[in-house]
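In what follows, structures are represented as structure tokens.
After this come two complexes, each holding chain A, first together with chain B and then together with chain C.
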Partner chain A sequence: MSVDLSQFIPSFLEESFEGLELMESGLLNLQPGDNETIHSIFRAAHSIKGGAGTFGFDSVTDFTHLVETLLDEMRDGRREVTNADTEILLESVDCMRLLIEAARDESDYDTEKVAQTSSRLAQTLGNEQLTSDENVSVDKVGSESATGFNIKFVPEHSLAKTGNDPLFLFSALAELGSLTIHANTNELPALMDIDAQELYLSWQLTLIGEVDEEEVKEIFEWVEDECLLELTPIDNKLPQEKTENEPTFQQENTTAPAIDETTPQIQESQIAAANPKSADEKATVSKTKAKTEVGSIRVGVDKVDSLINLVGELVITQSMLSELGNDFVMEKVERLNSGLEQLLQNTKELQESVMRIRMLPISFAFSRFPRLVHDLAVKTGKAMELVIKGEQTELDKTVMEQIGDPLVHLVRNAADHGIEASDIRVAQGKPEKGTISLDAYHQGGNIVIEINDDGAGINRESVLAKAVDKGLIDANATLTDSQVYDLLFEPGFSTAAEITDISGRGVGMDVVKRNIQALGGRIQVESTLGKGSTFKVNLPLTLAILDGQLVKVGSETYIIPLIAIVESLQIDNKLINRVSGDMVLYRLRDDNVPVLPIYQLFDLETECIEIDNALLVVVEADGQKVGLMVDDLLAQQQVVIKSLKDNYQQVAGISGATILGDGSVAMILDIPGMISMALEKAQYAQKFKNGGDSVKAEVCI
Partner chain B sequence: MTKVLVVDDSNSIRDMVSFTLKSAGYQTVEAKDGREGLSKAQMDGFDLVISDVNMPNMDGISLCTELRKLAAFKFTPILMLTTESSTDMKMRGKAAGATGWLVKPFNPEKLLATIKRVVK
Partner chain C sequence: MNIQAMAQDIPVEGEHSIEGVDFITSGDQYLTFLLADEQYAVDILCVEEIRSWETPTKIPNAPGYIKGVINMRGVIVPIVDLRLKFGIGEASYLETTVVIVLTYQNDDKSRTIGFVVDAVSDVLNVESVDIKPAPAFGGCVSQQFIDGLINSEQKVVTILNVAHLQQVEQHPMNS
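Up next, the complex of A and B:
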């Protein structure tokens, strides 16, 4: 049983994936002669290889060895950095990722791809390197055992200056068998001439035991250049009994020479652990797996320190308050108030600090795009470059993980549909190389990510024609620009004349929009024909906390996400427009907004059922505006979202709940859900009415 | 207690070396590259230094050269942890004053066995 290192696998994996990213971005920016970059790429590969070897991920080790060899040649200047080499290395990075993932999940991988890449790597390297490694292990086997050795050891005078000490060498030898030592003091100079830093002794050693010559040589491995070493095997002149008695003991010693008397506790625990070995191993494997699924966050020490600091302050405030409470008299009310004030401050800061832990710079999400754009440029044959701005903008980890795919789709879209071929660009007086830019910044409690291209822009007419063709809109409909762009996000819409393998992968822009909405965000499009397009993604900073408007309906308090609110207004009687049935429209400038009384939707009792007295909160989702009729507007505040699904069950029209300051529970309204609920209700009522008519008609007949 | 300075830019390797040494009763201090290793060595004495070769800022060979210039590290064993088993690398290490080398992949038993050759 050995020292169990499996607990380090997750951190190795994390480090390896970081290393791969570093290699990838390094390779993408690699200029010939940029030695620092080659060095850092080399180091990343080197670390992966080293770690993988330790954990027995042989497929990773073997493959990475090839990569490392190629990089080593580049590093030493033996090989020029060519584009072809960079491409192979990029592919190799992909393969390494596959292999490491396979090792992590104990699953299969695309062996064909790895085999292809590794043979291309081998070709690039020239085949001679592949065979040299194998010989090393072979010649070790041939070494002979003997019953012992006479060893003559004459070190150079300067031996100690490399940190070697003969004493330790001898004690290591003594572990192999029984050792007798004779020091030779002949060369010892007169006391006057002795330099305390020099070594003047030499030794004659006799080692008895069944020992391999290799083992003895290994002990002297580090000093062999600095000494005269003569090994003479001892023939079987020694009494047989000795060698017969020893073997079992010797055998043990050679397999586990690490253990000696000074560390008995280790030996015991190792032996104890050796028996339930298989069960133990299984347990660690499953533990490791669970860990990788849970995922981890790297947090700067400063963030943790500030947390500890804040908790300290909280504890102080708490003890102060509890002391106040012990024998409270009204005179102390002022101190109580200031204590509570302090508590509020502490809690707020603590909350912010905890939130900051989940915040990561968006460069984590952006890091894959240089490679993506590089690959897209190769695939489409268009010249383009990627500009990334604001990569230090911080975003919640969960949001970051989920925004990755939609962003990839948008960037693909820009490369495929946006950027034109070079000749067209030149003809239009644009730079030959197209530019796609990614920009992230904070804007009023939200994060905005812009995907911008300087390509063709969106052709309004062709979008319209296509939408009419697909039956999405009426041929005579007049639409504003933004309404036209919204058509891009309709299910089943694709503007490319033919679906290419880049952006047309069955995942449409509708899915992009849905994913963004699921995160509580929204997407907007701006475009100028011939100049380019901008897709603007608006996201909440975090999913755990929400800026909400508290509203009152009857005795209930509801929370409307601030991001959904367009405006809130006092209802003006003259602008109310009652259409057939229960439908009420409210004229809001150029729009007619359907009014949705919350009390009706949730069957609540309220005195405020007259629309004239109510307040209207106009909200927007899916490009649809509705006015929510509420009794009163209360405060705006940040609320912590508690999942309804985890605590109770999913309820239509409600996205979650929160606990208010007075301890009561308030529901958070799911605006898109409510709108579709209202629409369904209206349609159902319509159908029911129509159905009723036709029944009547039949009866008449 | 025997005190070991472990220098490696890879977190996991550093953790593993440290863990192995600690489990055998050694005391360890970690550094993430040669520069940090050197400054820790300047502040404190060590009985053994184990260092990676390839590191940013200051590589293991330079660290070794620098350490040997310090009076306190004149005789301190310095082991290079390397995947490169080529004699060329070993010669460079020796020339810089390294005591010996440990070849990766890193194996805990082997590590503990080999450092016995240079420290208690």
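Up next, the complex of A and C:
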């Protein structure tokens, strides 16, 4: 029976990337003498090698073999775990990732890097061989000199059930040398008694050739537990009992499934694992990202079970309702109502359960940071550590995928600009080691991610000086702290004295802000000079559903995201001020809020153009408050966001559309977009005025 | 009657009628429709469905010929009034006014847009050799939308290029 192996490749890749992450985090926490960690790293590498071999990814197999050899030596205590070794292993993990990605995309990889790393690995191994005790090398030489083996292979009857096919083993053996096979059919029962899934044969094999015993054993590695295997070298005729497995392998077989069991939560697929390490790698990764966008989610069985339960309830409710509808009389209206209520409940729960499937713990986005900070510490020569809190906070998969890069930027910034060199820190009475902390928690319907460092803080004066220098602000302008910090997000803005390859080119912070805004989130900065800075990223939990306030303008219904609304109020005539010509301001306590009539911005017809009849919804975006003038406030409800881009295009001032209860479509307002629209419009009107044409901006008061 | 037995009787090529059922087995099929009293046609394989007119939700600041979006079984579909886009006839919305929803597959992206027309008329069976290029003598329909002309009885039918029809023009913010 031949099986199409290619169908298993995606899960192999997924598992491999998980394995790589496991190796990476293990290596970062590795202490000398910590055998448990070394074992788990070894197991991860070993599974990757095994899988890659099965699927014919030879480059991965060969490279991983070297890594495995080094790990093996550490595991057996033949090698001390040194920092240099850990570095090489970390690099090797990168290379393995490159190789697996290349295998996935059938693309090329950075051969130079891989060759370099593998030669360094070989070198490390070579050094070891010189100093290793003679027993080992003698043993090796002894087995290497064999010119062949007699192999007795008696598999258990259930071998085929575990997915192993002796034919594969034999063809692998045949590649090592010339192979003669004798099948023993003694145990074959009568045709009547044969169970088609059992394996009744055993084999006597003779392999002739310059073969290393290790190589032969490796082929049988996956079936060792389930067979009686005797290897006899041909030349010296010494029968070597191999019925017993090496203890290490036994351990592997018992613990490998345990890894899978301990991670039954949803696991993000390749994308999160394939985190870019350097700029050029990033380019290749982002190229491949598009290809793999249709990632998969691993869902915990409990979540699926709860879904099935809910669907069961839904079916019951449905049948109850349809029975009710068969011969409906007015007396039954009460039962109908309760049935509908039940339906509502079911639908709500079902929706929540489905949403929960998309939720992943944020540790998937955080997992890359220990490595990043470790690398940054090496690169910058500063001592720093990373503290991660709240990594179990759950977040929508899509949001998670898109927040990764902005977070990397922020952490790099904290490491490069925030944390000072150790001597400066000591001189300032701070602990020598800088601390960068990542914290995630829920707040309202949002998730907040804080990136905090105990470094130098943001120097208000130098930011201001730079901004004046760049012509972003007037030299005499007085700005609040938050306005000053907002300058950091201007394109091309950097206060770093020298440009490093980590950060300082001023490219990035504006992208960070844009990305976060694209996700419907916002970023705030808090900083104390000399004490450190905190970047607070506020994100919606999910991109698929939004709490909205329905408003009416003319004949159209619009949805304002609840998160943006500060308050809604009846307009008080006395508080309306007209200033600087055409601008309409509404006095909201101490603030003056500019009024934006939606009908004007969207070019709609409405009878409600008088400002004193209208309602004002005060919204905030980018720290700017504006009052949206609407005809009426309708209900508040959760809406499912549908993209306009699928069949149309992005529309200014609109973030998407949704379908209301009556089947009609309503537009969801994009508050920051509307504000910038209004600004553009005002500038346009002003240009006309300055040009001599006295085109008056139409503001109907 | 047994459909399978019927199917065996159908010759491979040509147009046939068996017991009042039409079978067309050659050439490409086009759906024709009316804009004012002119006949137009689109490839029938692109037609997703034909719906009656319903007032769509407006898209802010969109060009006049984009009437808005509708909900087609959970999918947001923009509605383009072809009469306004081409400047033919009057854009009145009567009971016979219909929306032809077209889906066009381009690479791996597909786009679904509804087009308002005055009426749907017929399905034409056309051999590709019968499609004649349209003479470039003005007319208010831009050449890029036209694949060619075909003669259908006494009338001339303009075959429209669905790929070009589906392209959404960037509408600048009208300040």
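As a working rule, the second predicted complex is superposed on the first by the 511 of 701 C-alpha atoms of A that agree within 3 Å, B and C clash if a C-alpha of one lies under 4 Å from a C-alpha of the other, contacts with A are read in each partner's own complex, and residues count from 1 in each chain.
In this text, a residue touches a chain if its C-beta (ideal position, glycine included) is under 8 Å from a C-beta of that chain, and two chains touch if they have at least 3 such contacts.
Here the structure is a predicted model, which means the values were calculated and not measured.
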Contacts of A:219 with chain B and chain C, given as first, second, both or neither: first
First, second, both or neither for A:203, with chain B first and chain C second: neither
Partner chain(s) touched by A:109 [first = chain B, second = chain C, both, neither]: neither
First (chain B), second (chain C), both or neither touched by A:493: neither
Touching partner for A:647 - first (chain B), second (chain C), both, neither: second
Parts of chain A lying in touch with chain B, wherever the complex brings them together: 2-3, 5, 8, 11-12, 15, 39-40, 42-43, 46-47, 49-54, 61, 68, 160-165, 168-169, 171-172, 175, 197, 219, 221-222, 225, 256-258, 260, 262-263, 266
Sites on chain B touched by chain A in the complex: 9-13, 15-16, 19-20, 23-25, 54-56, 68, 74-78, 83, 94, 97-101, 104-110, 112-113, 116-120
Touch list for chain A against partner chain C, complex: 556-557, 601-604, 642-644, 646-649, 651-654, 657, 659, 663-667, 677, 680-681, 684-685
Chain C - residues contacting chain A, complex: 56-62, 68-71, 74-78, 111-113, 168, 170, 173-175
